[in-house]
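Chain IDs A, B, C, D, E, F, G and H follow the sequence of writing; residue 1 opens each chain.
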Amino acid sequence: DITRCKGCELCRVACPHNVIEMSKKFSPTGYYPAIMVRPEKCTGCALCAMVCPDVSIEVYKEETVSKEK
Amino acid sequence: DITRCKGCELCRVACPHNVIEMSKKFSPTGYYPAIMVRPEKCTGCALCAMVCPDVSIEVYKEETVSKEK
Amino acid sequence: MYQGVIMSGFGGQGIISAGVILAYAGMIDGKHVTFFPAYGAEMRGGTANCSVIVSDQEIAAPVVSTPESLIVMNEPSLARFETTLKPKGLLLINSSLVSGKPKRGDIDVHYIPANGVAEEIGSIRCANMVMLGALAKRTGAVKIESIMKCLPKVFTKAKKEILDMNIEAMRRGAQS
Amino acid sequence: MYQGVIMSGFGGQGIISAGVILAYAGMIDGKHVTFFPAYGAEMRGGTANCSVIVSDQEIAAPVVSTPESLIVMNEPSLARFETTLKPKGLLLINSSLVSGKPKRGDIDVHYIPANGVAEEIGSIRCANMVMLGALAKRTGAVKIESIMKCLPKVFTKAKKEILDMNIEAMRRGAQS
Amino acid sequence: MEKKVFSRNEGLTDIKMRYCPGCGHGIVHRMIGDVLVELGIRKRTIGIAPVGCSVFADEYFNCDMIQPAHGRGPAVATGMKRVKPDCIVFSYQGDGDLASIGMAETIHSAARGENITIIFINNAIFGMTGGQMAPTTLIGQKSTTSPAGRDVKLAGYPIRVCELLSALNGPAYLVRTSLHNSANVVKTKKAIKRAFQIQMEGKGFSLVEILSQCPTNWGMTTLKSIEYIAENMVPYYPLGEFRTPEDKKAKAEAETLKG
Amino acid sequence: MEKKVFSRNEGLTDIKMRYCPGCGHGIVHRMIGDVLVELGIRKRTIGIAPVGCSVFADEYFNCDMIQPAHGRGPAVATGMKRVKPDCIVFSYQGDGDLASIGMAETIHSAARGENITIIFINNAIFGMTGGQMAPTTLIGQKSTTSPAGRDVKLAGYPIRVCELLSALNGPAYLVRTSLHNSANVVKTKKAIKRAFQIQMEGKGFSLVEILSQCPTNWGMTTLKSIEYIAENMVPYYPLGEFRTPEDKKAKAEAETLKG
Amino acid sequence: MSERILMKGNEALAEGAVRAGCRFFAGYPITPQNEVPEYMSWRMAQVGGTFIQAESEVAAINMLFGAAACGARVMTSSSSPGISLKQEGISYTASAELPIFYANVTRGGPGLGNIAPSQGDYYQATRGGGHGDYRVIVLAPNSVNNMGNFPKMCYDLAFKYRIPSMVLADGVLGQMMEPLEFDFEPIDPKKLPEGEWALGNAEGRERKVVRSYDLKPGGMEKHNWKLDKKYKEIEEKEVLYQTFSVDDAEILIVAFGTCSRIAKSALSLGRSQKLKIGLLRPITLWPFPTKILNQLASKIKKILVVEMNLGQMLDDVKIAVEGKAEIGFHGRPAGGIPTPEEILEKVKEMV
Amino acid sequence: MSERILMKGNEALAEGAVRAGCRFFAGYPITPQNEVPEYMSWRMAQVGGTFIQAESEVAAINMLFGAAACGARVMTSSSSPGISLKQEGISYTASAELPIFYANVTRGGPGLGNIAPSQGDYYQATRGGGHGDYRVIVLAPNSVNNMGNFPKMCYDLAFKYRIPSMVLADGVLGQMMEPLEFDFEPIDPKKLPEGEWALGNAEGRERKVVRSYDLKPGGMEKHNWKLDKKYKEIEEKEVLYQTFSVDDAEILIVAFGTCSRIAKSALSLGRSQKLKIGLLRPITLWPFPTKILNQLASKIKKILVVEMNLGQMLDDVKIAVEGKAEIGFHGRPAGGIPTPEEILEKVKEMV
């Protein structure tokens, strides 16, 4: 949920497979949000979600889509 | 100093030589004060004075006279 | 009838319970009563006193500044309260412990060897009842019977023989 | 001359320091000035705003409810403050971040790509100075020189090149 | 077909949290919310929001909430638990709230062994008020009231709450965890769950101390701030269990023999 | 010819003390007075009387005295010591004053390691107010607010102040002694003297906890009451040193390595 | 007539609260109100309620905050310094609109002062010693009978308006014994409906929040106006007072609590000397009987205020009188108890 | 003219205290006054004074009690809830007659309230939120300049009368920046004579005792009468206020602090519309300018009280006016800041 993301980068470092990078574009709320640059690598381990302070990540087996939608 | 004594008996039990007993007579302040019944036995160890809550004992080598005067 | 009483003595002489009993008895007689103890740090250093009012009318001010009668159980109390007593007031002195004499001449003084009497009866602890008996008798503020009635209510835990001692003490006081 | 100004944007956009600089410059010009920031929990969630008054007469009420001019550095600020602006008031919008347009027609609106300009100069952090320059120029509330004078006093720890960047930013703003 | 393995749940309301980017409060909030759901106690739980950044917690936790005076959470929890023994009562507190102004209430509720749970966010700073020194601020750490760094000679030593409380017989569970990486985040969640379970079993006072980041007032990026926890806080505030219900039972028996 | 081996000295004023017969306060007063004289610090000492029976201490100690609010002695001592570092400042407190209402000030002055001395009279009761339960009242002990005896389930466990404070780095000297016989009275005097010396040497926070009798509110004769200390209090409140300046130095060095 | 019991004022206060449904008491000892917690310590056990000896007055008031938020009828009591420490908590309770009941058995101040009877906390009680715009309903008993029966009145008002209510007594009323009759049947709180604010057991309803703040711009102002409306209504409807022989009075004594009893002695004494004295005894100190006093002031041209302090209710009297009558004052602070004779003195000076 | 500095109100307050000789500060953070302890934390180090971040407001006020007893010029500051917690300590300080200085940068109440500007603590400040009969000298600044210069005035009064003195400000005054000039030279406290009450170093003199109680029968009453005498003298001599265009005024606005500035805008605005408005700005809230207001009320028949609360100073105005004039009120509680326009509205309604 991109409107919740505050660009803290915790998910980025939490991800064991470097799936997540920070966007270069301001989000509507004025942050550089996290986006998935390598969705194919995502194992659905949900570590990114565990560490997200703003509960802005939903994890689905197969792939993680939350941050895009 | 008999007017300070409140008859708590601490000195009586503190004295290793049972020098002290409690008087049967009310003191002017309304207590049964401690008196020396066996002054001759007093060694001047000052234990009685150490335990007296009302600092009413003075100890002299040779003999203890405070409580009488 | 309006009786303002002050009782005073050492802690442990039963001043407070005597006061409560007096008030209780007054209530049983259908009188208006108030009881007010000295409390807190005032009681350190072993002195105790209380004021009791027994009256036919509703009692306004509950604090007794100038009593109609005064019970003095120890030496310091005499000095402290003698002057407050109303002219013609009743002064009961526990002569077993109080050697001093009042200075005033305009009051009605009685000496009662309360401790002595109490020891005869069997317990120095009922010296207070001796004085109370004397007060009840001389002032007529409360009926002796009423005091008897309320004794068990105040000393709820007391054994029969203790109660009897207290009653006896009061009788002796009333006679003295 | 009386100028009530409100500046608003995200925390970190330098809203507060811009406000202080404006007030400081006004003081150097010998004007009466007041600066009042939003503070405390208001600032959580990353928004900041402040109100500055520059005036010839003594300033009574220090709080600006209806500003003569308004600096809007981000989207939410436009929605929040547009309505408070005085008729004919000056509205400066940071068009790099604000896509929305004001609804009112009775005001004097200018779009300044502050972030863009700032990045050209070398640091996005001096976007605030771009806007400030524009404000100073258009309102004449304070002299550009006075702002330059006080910059070092406000950014006490800043290095020369930073100061220069800020000055440059202000110039560009004034021209825009 | 995708299977949802993680998503928001009804443990939290869906109001967006107002905390700063990367703030540890949000992480802990989510975990508490999860625990309320996992243990099925959300509907009979009363949460206590502190006075601190997380005063807003009363909007975020999706259970009955109360917001009392600064530092008095444990006293308020005591009042609530005694009146509603069947409810689960937790007090969420910061280090200023719990260890500074609230020290007496903390110690005495622990000594009474009140059957409540305290979630203690130790971020070594007063966050809400703008970064002043806390009783847990580290030696040498800069804050707006120790601009030159905390000086032991003037401000004394940082207080270790778990160690302090373990000198009392009352507590049933005392544990310290951290948020500085996902492994420890997972451990933290376990500890929170255990604390609530201990209350459900009526075993008494439980407290989870969580080392947490305040990027804003530490003046660091979030990533630097979690490094700071690992490198500076953990050495002074060792992680682990300081009291378990088992120790308590043992102690209690010992006492009653003595007493 | 007689030689005087013991008599009143100028450590105390010669006002008669208003304490009950056999009260421990009087004994400790005399010893503190002696120590002030023996160390020659009477003229530069400021004493703090608590709110408790010993509020009267401000009449008895023959040095400058102050009487602050209930439980705040350590805060007041902090203010005085910081302003007059050359003065010797001691705070005399009861268990209600120090461990109940004053808990926060006690902990924090100890954590700061303030260079002050606290004489703590633990008589396991609120004396002044007529015998209510104190945080130090023993399990099962009767008081006017625990008429059936202290019940752990309702009132929790008695607090051991020395053990609690030894979880902090601040204190330099923590010791517990007793008054139940002349031997322990002598030990107590030694401890008091050491505490004052530690302050004189600028080594920091010192506290002497003294198990003391309150015959009046325990409803016992003085002799029974000292037996009660020996048989009931000492087992729960073990006597001895809990912190010495030597331990503190060691600890401090350990910390600075860590920090 | 139901049975008369000889009781101490403090015990009457405690028993009265229990009969009125109090099942949660948290307090910290202080003279001259120690009989209240002491009584509660065994009485609560009897009725299945909670007694906690809190570590401090601050803890006690905050325990009440929590217990009241769960719907219980709660009580704390203390004396002057302890009440000062509760001020923050009382302000919170007023803001969160939780009904609580507490008593201040006032002692001599300021500071540690003494433990003698006093009325020195009138300002604190009626003007909110705590921060912000809030009010507390203040009842002033003048007999042990009042001490026993006022707690019920306090709970009724507290729950009707969701407001803190208190009894402001003094050492005389707390320590004296007098016959007492309860004028109400004991209340079983289990039979009372639970307040709509009560937390806990959220099954089948939305979550509730009890809070004392509102950071939304304008939110707190709105909340204050809501409180203001409530306070105006109480000032309209809940004023209580007594008057004695005011009809032909040429001088009016205004006195509350213990002083009102003493003033009554002065009144009879004075009347016996042909002095036309009247008496107004405010029972609610807030809301203060402003209207009636203002009316009386238009026909009785001299007013004597008698208090056991340096002149605090005096302010409310001046506000009510609006300059319509000459106002005199006789006060005895911190343990001084005025005598009927003193009061009569003062009356004679004025007429 | 000495140099003008652009300063935040809270920092001006702190710097003003330091220049007035303050060398001991103990406080606990709370918005909107955090700049005060933050400033002191480094400034005290510079001047060789003591800064302590206390564990609580209660500890802070009691640290002051000790430091003041040793003769130091001391300060603490807080905001509404924190000031409530200090009430016991303030009462003790007043009773022990120790000179202390403190500031309340008021926020919206009651309870946690909000951090917006407010004047909701007027009652607490002027009526003694603590227990017993005591007073605190209360100065109400209305500019950063006042914030910087009032601490000196507070110390002068506090030491002259051995009484607590305070600055009652609000979030606007604490947070705003304005040019400031100090109107006094920095004071070196070492050069000041030590107070006769100061403890420590008893060489060559009798022991001294600082206490706030007296258990001797009548002792505390005597102490109260002594305090009363002092308070009467202060009411006589130390009243401070400002008046603006009252000579021809047909309506008088009474307002203090921030409101007095806003009222002044309303005044000029109104005068420009031919409305004969006058303004009385009380500077000392206690002692309140009762006499002057009473005089003004006998010629100006309409009075409008403007406050950022529900009407607290209103009481003092009523007491002073004695029914001589019609009194109106315009208030905005807990963060509402009246505008000149609103005030003018109200004025027009009245005239």
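Please note the rule applied: contacts are C-beta pairs under 8 Å (C-beta built on N, C-alpha and C of every residue); 3 or more make two chains touch, one makes a residue touch a chain.
Just so you know, these numbers come straight off a predicted model, no measurement behind them.
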| item | value |
| --- | --- |
| Lowest number of touching-chain links that must be crossed from chain B to chain H | 2 |
| Chain pair with the greatest number of C-beta contact pairs | G-H |
| Whole-Å separation of chain centres (CA-atom averages), chain A against chain C | 86 |
| Separation of chain D from chain H, taking each centre as the mean of its C-alpha atoms, in whole Å | 34 |
| Centre-to-centre distance between chain F and chain A (centres being mean Cα positions), rounded to whole Å | 59 |
| Sequence positions of chain F contacting 2 or more other chains | 19-21, 55, 67, 69, 100-101, 103-104, 107-108, 128-129, 135, 155 |
| Contacts with two or more other chains, residues of chain H listed in rising order | 31, 52, 55-56, 58, 81, 88, 92, 112, 115, 211-213, 215 |
| Residues of chain B whose C-beta touches two or more other chains | none |
| For the chain B and chain F complex, residues of the former touching the latter | 3-4, 6-10, 13-14, 31, 44, 46-47, 49-55, 57-63, 65-66 |
| Partner chain C, residues of chain G touching it in the complex | 4, 6, 31-32, 115, 171-172, 175-179, 258, 261-262, 264-265, 268, 337, 339-340 |
| List of chain C residues in touch with chain G within their complex | 20, 23-24, 27, 32-37, 39-42, 59-63, 65 |
| List of chain H residues in touch with chain G within their complex | 58, 80-81, 83-85, 87-88, 91-96, 106, 108-116, 118, 120-121, 123-124, 127-134, 211-215, 217-221, 223-225, 227-228, 231, 309-310, 312, 315, 318-319, 321-324, 332-336 |
| Complex interface listing, chain G residues touching chain E | 24, 26, 50, 52, 54-56, 58-60, 62-72, 74, 88-89, 92, 199-203, 207-213 |
